[in-house]
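Here come two complexes built around chain A, the first alongside chain B, the second alongside chain C.
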Partner chain A sequence: MSQETLSIISSMDSYSFKQPETFTHFAESRSWEPGWLADYRKECWDSFASLPERLLKDETWRFSPRARFGLNKINGLADPKESLIIEENSSKDGVSIDLFDRLILDQPHCLSLLPKIAGPDLGANDYSLLTGAFAETGYLLRANRSVHSGQPIIVKHIEPEAGKIAFHHSLIELEANTEVTLVEKFIANETNPGGTISSLLKVRLGDGARLHRIVLQQCSKSATLVQLENFIIGKDGYLSSTNLHLGCGQTRVESKGVLNGPGSHFEYGSAHSGDSNQLFDQRTIQVHEAPNCTSNLLCKNVLRNEAKSIFSGLIKVRKEAQHTDAYQTNRNLLLSSEAKADSLPGLEILANEVKCSHGATTSRIDPQELFYLQSRGMSLKDAEKLIALGFLSGPLNSVSHEPTREWILNSLADSLES
Partner chain B sequence: MNSLKIENLQASIEDKPILNGLTLEIPKGEVHAIMGPNGSGKSTLAKVLAGHPDYKVTGGTAILDNENLIGMEPDEISRLGLFLAFQYPMEVAGVSIANFIRAARNARLGKDEKVKAVDFYKELYEHMDALGMDRKFTSRSLNDGFSGGEKKRCEILQMSMLNPKYCILDETDSGLDIDALRVVSEGVNRMRNPERGILVITHYQRLLDYIVPDFVHVMSEGKIVRTGGKDLALELEDRGYDWVKQEAVA
Partner chain C sequence: MINPSQVAVDRDKGNFHYDTDYSFDAGVGLSEEVVRYISEVKNEEPWVLDFRLKALDTFLKKPMPTHWATDDLKNINFDVIRYYLAKGQKPSRTWEEVPDDIKKTFERLGIPEQERKFLAGVEAQFDSEAAYSRMKEDLEKEGVIFVGSTEGLKEYPEIFRKWFGKVIPTSDNKFSALNSAVFSGGSFIYIPPGVKLAQPLQAYFRINAENFGQFERTLIIADEGSEVMYMEGCTAPKFETSTLHSAVVELVALKGAKIQYITVQNWSNNVFNLVTKRALAEEEAEVRWIDCNIGSRLTMKYPGVILRGRKARGEVISIALANDGQHQDTGAKMVHAADETTSNVVSKSISIGKGRSSYRGLVQMPGHLKGCKNNTECDALLINNNSQTDTYPAITVQGDDNSVQHEASVSKVSAEQIFYMQQRGLSEAEAMSLCVNGFVNDLIREFPMEYSVELKRLIELEMEGSVG
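Coming up: the complex of A and B.
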């Protein structure tokens, strides 16, 4: 073996998350950080290191080829400066958004809520803990006073080069009666695609606060995304999260919405268009902790060729959460005989006065519908695209900011066109 | 050639023959009506001409101007200029009427051409106004939750916007009340011109009070068994279909 090959192997080894030195070296390089953050990183690392070996039968990964999310393809950390960007002019009166790494230096206390909110805890705890331990970037979005920011704030997560992983640890804290629209874009690496993003987002909404969040993911078809989020919604709060996933070879989404204060609402929409052998693995939970709350979830997937999707969703209603009104729907449209969609909807209800329903369907395009479109002059391919566009537009129509809704619907139409 | 000329057309579904040598010519500028009892093959004729994949054509031709439609894909037939107004229009969730018609119009243009939005909407609104359709309809999902009358108006709207050379209306009167029937018929009548041939398929004479045909054909067991003027429809209304069938056998 040549000297060069050896050095490559040893450099790869040095980034193996199986070795304690990986964390020790990292922690040393961040020795200037406040003690509480160092402690938190260490805690996360220790929890990660003591995670049991991956079980063969793990319900939280049911139907998922978990090896595709293996950490062994990682050989280093992405440059944090290049991996998360806040679009200029995003800060507005009463609303502030800043980068994690800048805040650690200037106002570390702003981030002190991070360790106090857990991840979604729906299976990808390895990624969640590693993000806690290694994140060097992320964003903090805060709104105080009664701001109602009309224009969306835009954050870009950039896919790192192949072999690298970007850990993004972010926090949104909206004080009472504020309203903010946030757009998060996940952008492809054009020059050397194939990196991994692990994004962990924690959100806390104060009483009556409203957050409209829109996610557009257009990473390369060889990228990996692990998108983890925990939304905690206070009394009379409103949170909508609308997601359009178009890229990535494999995506794991874990979304937890906690209706923590009475009268709150959680609206979750997800649309995914998958092609070739893309894998879209989505796990959600709507946790009703307080009475008189409503939640509505709609996840739709269109799958071509050998694309695969997994949806696993749970509505959990605690004993105190009387008069809950909760819905959960997963619909899949298969455009080839090789495409596959697995669906695991679930309810766990402890309160006795609730209205909950869930449903899952997987279907193919009705040939009569295709004939109808073709009889108007559209080719078979164009007819399929139009039906797919119509099918996926449902979850995206809930975006209330009209220019953003148009933009996201156009992004979907463009992607189906190409 | 300026006609839709169907000659000795034979077609079957799952090996069951439905059309048994049907011959009919619809020249441009004329309105023809086909009437006939249930199961005589009227709707099959409409679907076969539009290229429905479930039907197998076992013989004969259907020449639109100079081209034989038989064996063509439904979209090719549409782009050649044949329009079928469906008896039961399909619901297409999430696709608005405007986007649907725009996609159909774009399909008629070159690869990098697109209809201009401003001109398109101007034209669309004119046709909608004429059909008494609320402009809010443009953003509604195609036929999704529409009443019978709304669906049929929407078919006529598409027909007007796509400007076909030949129109086939398959039981357009079914499910319509008198007011809707009048509006839909007026929409069809506005499309009558020397450059267009129209075939109206109906079960009842009622529609032909509004869309007055030049010729009426009676279909039975997959063939045209009698042809006459518009009075033939009235006679059928009076006497039913049995005498035509009996005469045809004799």
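Coming up: the complex of A and C.
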């Protein structure tokens, strides 16, 4: 019997999102949950089951080797208790953070916003719907008083063991004039690497609220990460999301920033350092719905060996959003002849009183720069590392909390060293 | 639903059409019989008929590309279109019959006296003998072949068959397949090695040209070291009776050759203009597409260059102007396939009223190449509240010795600029028109002198009534 038929047979016996029983068993095991949540899970599952067959030419997956995000390699759910951890002493006056599964028992009403906010809807709807249906954990971060917390709150997403998938469904709700700094770490599984994390985050900022979010992803090189985020920013709100991706075999990030109230600002920075055959597939959209908003996006990739990056970004300015000021920049540094960068920056502008622009560049390191550093006694390898470090630190410099900035820059420097 | 019998409605100023009698008419709708009929009328070789039939098959099989393109394409009704019309050779009307407003438009655009009659359909063919006979003689002496598509394939198969349908394969897209099935008209040009033409070639000084055919087929081959500039279209509003235009233009620049292809088009508001244009550039060859798109309901046109030889260079310069009810979906494709190839794309678009302009770009550089460079700039100007603009570039780069830069910006004419000019005594509309002309000025300079003057006037004309 050929290898292929063997694998088909084995996949039929095991866990599969193609079988309706997978969900019915899961739903039975969670029959104690409130009715609205059960309904929401069912709704998500039904939508997932009725998704059309994957189109051969799907614009939202253009250039992406989609098979690498296939669900067929998954053979079970990760233990929710081990896959998401909130660092202790994180909660402070007015700011509360708790786990999804604890809140379902004690205060299920806190989570009632979850079904009301959609996912980013930029292509990976299968993961988004499965997360809605199967998530047993996630965090809920709320700030309900005018607090300005200086110390960051830290959440850890742990890579499950090979073959398992962890669904994290999280919510951040900041009331007016609050300010919170959140650090999310994606941590590798040392003993049995190769799991999948599907993280769906929904954020709503009230008037004048400020959220600083920092993501550091250091999963193993065989892990898969699907990170889906929808940020809704209210009047005069400010949201910055800074991302450093170092690990994972394949990463799909979908970020949607909706400038919902006038005067709001969305700042997005991401840095990817790729090696071996890592894939970074990033899709972003900046939606300007209200007038007088600003947004700024900077995505930088350094790619070595056969690493590949896809950046697809869109600035969408609705008719009402006059006086928009929006930018989008993608810069790629290719350090080998097999490294590959795809860039799809886009603009859709319906208002006329706007300033919008995007830029995309892809290049090698300027040989003159290398020569200069070498002439100062540096080896070629070190010179390349130094330039890569300087290049990637650009998006990370916007972190305003200084210890956090230093920590993330050090993490980057360490990863380039190894 | 598009119906050719309704084209008389929904006309802008300056757009017009006449009922014309045709000596050959393939009827409406598309079928194998129509394709066979066209081939028979043209008295074609069997291989051309085979080519057409295969293309028809491909066309019918291919889906509409609406997974990325606008849904407006679904409104094309292929069953009501006439796929082949050949005009009788006799003039069907007199200059007196031409409406006054059209004469006025010609006047304002400064169209030469000689060309006006031809454009208005008073003369079935442009009176080229008088104006260009000297040039024609010179061309023949140099060995330049400049014929229609039918003649090209029949009389010079040894030259044209080799490249015909090679730069743009039939199956490239649905509309190139349609063109391959029913093409007629267009120009086939061959420039022998080393011949450098000082004067641009124009579509309308070829005798008996079916210049404005719906399904034009153009193939230009510039042999080693030759240079040619080709111009098609004109700034004058086109009198068009048909709603679907789908041309295929293939350029082949052999080693060291230079081709400049200049298009200026001003279609009426009901026309779908879906054109496939691509060039092949061999070693050290240079191809420049200079493109100006005005009018039409939907224009989809992405001139491309396949840079196949070392040090080849490709360039696309395009201006698009979208007014009410128009969608200019234009762009450029640059496929780098050899070392040290360079390409440059400069695109400027203006959206007026409810117009929408889009830029779609594609740049590809595989990893085994060294020293490839691309530069892309897209600027969009929005005039009114309802105008829309989009930019969708796709850039793929592999390898550590290639570089690409892309930049796009969207802006509007600032209130300060308008205010400044108004206080110098210009009306608001004049000030706006001046700003728009300034926006495209550096590109308009790339057009030949007479075109650039006409273009400026045309933009002024289009801007009228858009402000205030």
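To be clear about the criterion, the second predicted complex is superposed on the first by the 404 of 418 C-alpha atoms of A that agree within 3 Å, B and C clash if a C-alpha of one lies under 4 Å from a C-alpha of the other, contacts with A are read in each partner's own complex, and residues count from 1 in each chain.
Please note the rule applied: contacts are C-beta pairs under 8 Å (C-beta built on N, C-alpha and C of every residue); 3 or more make two chains touch, one makes a residue touch a chain.
None of these values were measured; they are calculated from a predicted model.
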Touched chain A residues, chain B compared with chain C: C
Which superposed partner A:V258 touches (first chain B, second chain C, both, neither): neither
Partner chain(s) touched by A:L347 [first = chain B, second = chain C, both, neither]: second
Touching partner for A:R364 - first (chain B), second (chain C), both, neither: second
Touched partner set for A:L114, first chain B, second chain C, both or neither: neither
Doubly contacted residues of chain A, that is, touched by chain B and again by chain C: none
Chain A contact footprint on chain C (complex, rising order): 67-68, 367-368, 380, 382-412
Chain B-touching residues of chain A, taken from the complex the two chains share: 366-369, 371-380, 382-383, 386-387, 389-394
Complex contact set, residues of chain A against chain C: 55, 57-59, 62-63, 319, 332, 334-365
Residue numbers on chain B that touch chain A, as the complex places them: 50-54, 73-75, 77-79, 84, 86, 89-95, 99-101, 103-104, 107-108, 141, 158, 162
